[in-house]
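Here it is: the structure, laid out below.
Chain lettering (A, B, C, D and E) follows the sequence in which the chains are written, and residue indices restart at 1 in each chain.
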Amino acid sequence: MSRYLKTSKDEIGLSPQELVFRGQRKVDEILLRIMDFNESKVEEILIKSATDLQEYLNNESVTWFNVDGLHDLDLIQDIGAALQLDQLLLADVLETNARPKIHEYEDWIFLSLKMVQYNEEKKHFSVENISIIFNDNILISFQEKKSDVFEPIRERIRNQKRTLRSSKTDYLLFALLDTVIDHYLYVLSLFGEKIESFEEVLLDKPDKNIIEKINLFKKELNYIRKGIKPAREMILALSKIESDFIHKKNDVHFKELVNNINQASDSLDSYRELLSDQLNIYHMIISSKLNDIMKFLTIFSVIFIPLTFIAGIYGTNFEFLPELQFKYGYFIMLGIMVIISILMLFYFKRKKWL
Amino acid sequence: MSRYLKTSKDEIGLSPQELVFRGQRKVDEILLRIMDFNESKVEEILIKSATDLQEYLNNESVTWFNVDGLHDLDLIQDIGAALQLDQLLLADVLETNARPKIHEYEDWIFLSLKMVQYNEEKKHFSVENISIIFNDNILISFQEKKSDVFEPIRERIRNQKRTLRSSKTDYLLFALLDTVIDHYLYVLSLFGEKIESFEEVLLDKPDKNIIEKINLFKKELNYIRKGIKPAREMILALSKIESDFIHKKNDVHFKELVNNINQASDSLDSYRELLSDQLNIYHMIISSKLNDIMKFLTIFSVIFIPLTFIAGIYGTNFEFLPELQFKYGYFIMLGIMVIISILMLFYFKRKKWL
Amino acid sequence: MSRYLKTSKDEIGLSPQELVFRGQRKVDEILLRIMDFNESKVEEILIKSATDLQEYLNNESVTWFNVDGLHDLDLIQDIGAALQLDQLLLADVLETNARPKIHEYEDWIFLSLKMVQYNEEKKHFSVENISIIFNDNILISFQEKKSDVFEPIRERIRNQKRTLRSSKTDYLLFALLDTVIDHYLYVLSLFGEKIESFEEVLLDKPDKNIIEKINLFKKELNYIRKGIKPAREMILALSKIESDFIHKKNDVHFKELVNNINQASDSLDSYRELLSDQLNIYHMIISSKLNDIMKFLTIFSVIFIPLTFIAGIYGTNFEFLPELQFKYGYFIMLGIMVIISILMLFYFKRKKWL
Amino acid sequence: MSRYLKTSKDEIGLSPQELVFRGQRKVDEILLRIMDFNESKVEEILIKSATDLQEYLNNESVTWFNVDGLHDLDLIQDIGAALQLDQLLLADVLETNARPKIHEYEDWIFLSLKMVQYNEEKKHFSVENISIIFNDNILISFQEKKSDVFEPIRERIRNQKRTLRSSKTDYLLFALLDTVIDHYLYVLSLFGEKIESFEEVLLDKPDKNIIEKINLFKKELNYIRKGIKPAREMILALSKIESDFIHKKNDVHFKELVNNINQASDSLDSYRELLSDQLNIYHMIISSKLNDIMKFLTIFSVIFIPLTFIAGIYGTNFEFLPELQFKYGYFIMLGIMVIISILMLFYFKRKKWL
Amino acid sequence: MSRYLKTSKDEIGLSPQELVFRGQRKVDEILLRIMDFNESKVEEILIKSATDLQEYLNNESVTWFNVDGLHDLDLIQDIGAALQLDQLLLADVLETNARPKIHEYEDWIFLSLKMVQYNEEKKHFSVENISIIFNDNILISFQEKKSDVFEPIRERIRNQKRTLRSSKTDYLLFALLDTVIDHYLYVLSLFGEKIESFEEVLLDKPDKNIIEKINLFKKELNYIRKGIKPAREMILALSKIESDFIHKKNDVHFKELVNNINQASDSLDSYRELLSDQLNIYHMIISSKLNDIMKFLTIFSVIFIPLTFIAGIYGTNFEFLPELQFKYGYFIMLGIMVIISILMLFYFKRKKWL
């Protein structure tokens, strides 16, 4: 299946309200975590069914409801019912292959983006879709599988009484998005290190392996780019949105998000350019080497070709071949050969081939 | 005839109201299908002439009138008369080679775009023009030939009482356009699969065939792009239009259309870039191989050239050639040859050609 | 003289009101044609001097005054006097090398663009400047030489009582511009046919001729582009102009013009890209072929070089060369040669050169 | 010193009001020319010191004060004092290496741009900075050295009573800028002629010289571009400025300037593209030739390599080599050689190398 | 660590108010310099702790507080407390790896950009982050290490009573930014000199070294670009900001900044393009040389190959080889060889290979 664009024939013409989970099932059990907090308290519980949500809906504190795993349509449906979510909004949450976007619904704002994460152990990075729905008091985040991406934020909620605890959902949203973008920057910097290290290999020992590596990184960067570029559009739209759920005083944070995603986007472009330049340089070096090789071969052949020809002539068995009877014929031949070689070398010198 | 731009000398200077069918006749008989529905009923009939349209014009229900085949100018003219369509509008419908566009007329909105469809059996994809005219109660869709593209929507109208049945033409329009864009995404994902599979061949066994394939896909993508890019403009214009026929509450759907066509357009660009990168990589690999081959040839020739020359010298028939009389002359010659070879190999090692 | 930009030292610093005909004289005699029409009548006459214009100035009907040939400055001056045209406007008309543009004067709108025309007989296309001045009742079109480009429009005026005859100059203007753009599309489609046909030659028998052809078409497209791109700007400006001479009800036509010129511009870009891709493909195929040739040469040489060397050794005339006395020496040598060849072939197989 | 960007360490951190002449002294003596005119009179004098300016400051006529040469800081200072110019404005005038720009001061408008001029005799073109300050009655133009660039305008002021004499400084400004842009167009057309002539050489006899020429022109065009592109921005800003010193009725002229500089900018881009295409074509032709050469060498070598090998075998001195005793051994060998050659040629034919 | 993007896993998910110094410690001791001035006095002192700041906070004079070195978090914290700075603002100051940006806080404006400096002695350039916070009376500049970059401005404050001393912080800000941009221009002009000098080497003696140099400069320019491009955005935003701290009368200076940074940005692009063109030209010249070499080798080989073959034939030891007995056999062979050579040369002449 194509990696860049995942879509299947069955989806064509479906109603947008139709709930279909189009992604891969990446987790066994769906995990429902609630974190309910205000300046004075933090409450953390795991719930089993959507009905447990009820009590958090109308309290004054900020409720962060995190859903890990999306494959159980009934559960998602129940969550929708409990929160009185529009069917369309639920469909948006399930469409994990969609382009990052932001939609303002009447009572909620929906946004989605791709999370790029590097797995230290498995030495590869993964891309996962994250959807967030929020109003002034509740923020629900949907992830495809259980992850510890947002653990530092939980830690901040638990320990720090400052900003996070005393703010509404908009600051929590900022913290979540900031974490996602920090991961972009981190993964890009890992890529960057590798890419910058190619340079040396390239100048020292250019071969097919390095092309394959450059090619691989080019594709990986393009793949990540498909997540970052629309995320940038989305963040930009978010920073300009006029909504009751986003409070004036947090404008500076959303501007910061724009700045950070711009940095990610700039770096991505720089690395792409670097890779293109490296391919270019590779080509130049290969051409240059081929030139050197050909020069060497040419000089060598061209010097020996006439000498071998002369030896060939005196190797013929003609009955009457006067030079063969000359006393010093052999030495004269050798002398002529030396002279020809020297003339050749002069000629190459003048042609700047030596 | 050029595939990208179809126009003939005869069309120059024609009045825009002139009705000429400029496409190819792709169907034998024109098929006129009516689907008339509201929340409580669905009526489906095939009509034979435009006069049968009359009764659906002023009822309250939504009427979807689908025309498959455009070659019968009289019939089109009759439809125009029955619906009191502007001559210009009819001309727009017939101009199947035109660029996707949207025009607001006084009583109607006209829009056209290209449908890209993949034929599973014939293993090729086809491009067809679709025109849609609609006001608040009637939507007329014109296709060049009979197709089952919109069958899923008919099915939804028949079975689901939800949104489609309870909305006006704008939601039907959304459903139709959504289907068209879903087909874009589907065809692109098929292309993508193929294109991504080239990579392996490229790195493993690069030859002329793969270039021809890359070239072919490049052209096909360019061809599809000529449909998608202006369709994107059109969808964007549609999402911003202020018309009585498009109701506020459906804004979210038209935004979704924009998002989807953006995804199609992004993917298309990604694949085009991928193909360019592949060509580039191909070139690098070919250069790299040529380099290897030349290195091998050079090393080989350069080692044997002087050896053969030496053998040639002692193959001459000079009467007086002292070395030939040496007892171990032959073995000395062989020894010198071995030494020369070793020196050569050392030189190549230092030059990093080995 | 440069084809892309024609300007001479004499023009520098001239007053913009200065009337100089800077083009080439392309016609012997200037032809002045008047077509005066309204719904009820059509009058066509050829006039000899500008004074004959007088009677058409103040009548209610639409007057289309066509001037073929611009080299007679006195006549142009007279026309200017008769119509009370600003000196600047006349200078604009004469500057046939200028960039397509639109200027609103107090009583007139001036616009100019390039006409691209294909001459069926001479098998080449020509570019000509067309200037149009119009107010509500009079439209004057200036062409560099007599041509039948606008004949279909004259025919429509003569025969059809519809739109053209019952409208003001704005519809006539639309008809003229539409014709010009139709010619763009037609010429581009002719180019397209040729360009698309290169593909086959390219893949089958790539040689220097095809590069020269691609190069030629690239230049021709660039040349036409210099006419179409600013014409597009001009048409866009025209479609947005707010003038008493352009009536609301014809907006749809001017939008259509924008759409058509966009199609021309899109196609032009597609063809330019196609040509670039073709050059690229050409390069790939040439590289691929060179690779094949070098592989063949290398394999062949590398197999025979050591064999020839061995033969050379046994061709030496050393007095004491033991192998020569072996009874089956010759056959052993042949055997060794066969073994060497086979080993070589294996090596190449493993290197994937075979 | 870099040609594209001239700046020195000493300038860093200087006050913007600091008057430093950063250019080269291009003239011995500074020339101060005054042209004072209205519809009824023209007065031309050379003045020696800035105090002579006084009497022209408050009269009603238009005063054009031209300064050739900028190296005498005291004199520039005096002029500033006489005209009550802001220190900043004077600093702007002296900064001849700056980017073309326009600044509105309280009582003056300042603008600067690069003059590109072709010297017919010395066969090279020169770039010079021109600064203009003007209010409604006075226009001061500063040039780096004495030149006759504006002579045609002086001539028009002297002879024609029309527009120039009866207008304010804005029309004079237009005339000056128009002249500068005409020079752009003229120099570009000279470049164009040369560039278009490369084509023929390229297709006929591609060698290193033509690359060096193309490279040279590319650099020269880039250099000129650094003057034209910001000049275009400046002219655009000027055409949109709302100032008391620029009168409504001259709008049409400033629009014309925009049009002309657009044409210059378009042509420049076209020529740059042409040069890039030529380099590309050069590369293709070189590759094509290399291919031909290699094909020839390969065919030739490959035919003779086995033949020479066979001759080598029968040149060996084995005591027992049966074929040598065959009566027609020699002719059989020749026959086999002919057959091998023919088979080779067939093979090449099939491979399409012949 | 990647040079383009520096970020570490530890930073992910941190609160934006968290104070962490993420840069390298570039200086031993933090230096706190105060310059307090108005038209009548200048006071310069070094302070040891943030509390010494107190007395300068509420006076009327302009206070410029310069901090060299950022690694002592406590000190930075104290400064923040003394000036009542928002925690966020302090965090911004410490984030030395961030993208240049501008943020308006309630009582302060914050901006940061990269300083590019060339070290004359060490022959390399360095990049350093500079942050500036200012309100109407106080401007605090933070540098990563002690530097004399702003010394010329201190000198101007000390000596000149003009503008700097009589203005508010906005003019001081302008002076600081102007200095930074002047350094951009200076470093770019040094780069430019080097880059322009490559040309000659390239045309004269193209080898691998020059590619490595071009590659190095390309990377360095890209690196600087990552500082200049967002600085340009920042300066542009600054020139458009509406703040009480930036006074109308200094608009002209901020416009000048925009102009200067545009010049830097233009030059950077020009140099990047120049380097790309040089790589291109390099490739063309290398291809051209390879062509020459191959031509030479081909001509040489192709002439000698048949001659050596003929000699080989008469070197065979067939018992019956009639030509060997001819009296003038040897001379006839030599004659035939001469004729073959001449025919070859003719053929090459016709093929334009000679």
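Just so it is clear, a residue touches a chain if its C-beta (ideal position, glycine included) is under 8 Å from a C-beta of that chain, and two chains touch if they have at least 3 such contacts.
Remember, it's a predicted structure, so these values are computed and weren't measured experimentally.
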item: Given chain B and chain D, the chains that contact each of them; value: C
item: Numbering shared by both copies at the chain C-chain B contact, with half separating same from different; value: different
item: For chain A paired with chain D, centre-to-centre distance based on mean C-alpha positions, whole Å; value: 41
item: Between chain A and chain B, centroid-to-centroid distance (C-alpha), Å; value: 25
item: Contacts with two or more other chains, residues of chain A listed in rising order; value: 283, 287, 289-290, 294, 297, 301, 308, 312, 315-317, 321
item: Contact graph of the chains (line, ring, star, complete, other); value: ring
item: Going round from chain D, first to chain E: chain order; value: D, E, A, B, C
item: Chain C - residues contacting chain B, complex; value: 150-153, 156, 160, 162-164, 175, 178-179, 182-183, 185-186, 188-190, 192-193, 195-196, 199, 203, 252-253, 255-256, 259-260, 262-263, 266-267, 270-271, 273-274, 277, 280-281, 283-285, 287-291, 294-295, 297-298, 301-302, 305-306, 308-309, 312-313, 315-322, 352-353
item: Residue numbers on chain C that touch chain D, as the complex places them; value: 1-9, 11-17, 88, 98-99, 101, 103, 105, 205-208, 211-212, 215, 218-219, 222, 226, 229-230, 279, 282-283, 286-287, 289-290, 293-294, 296-297, 300-301, 304, 307-308, 311-312, 314-317, 321, 323-325, 327-330, 333-334
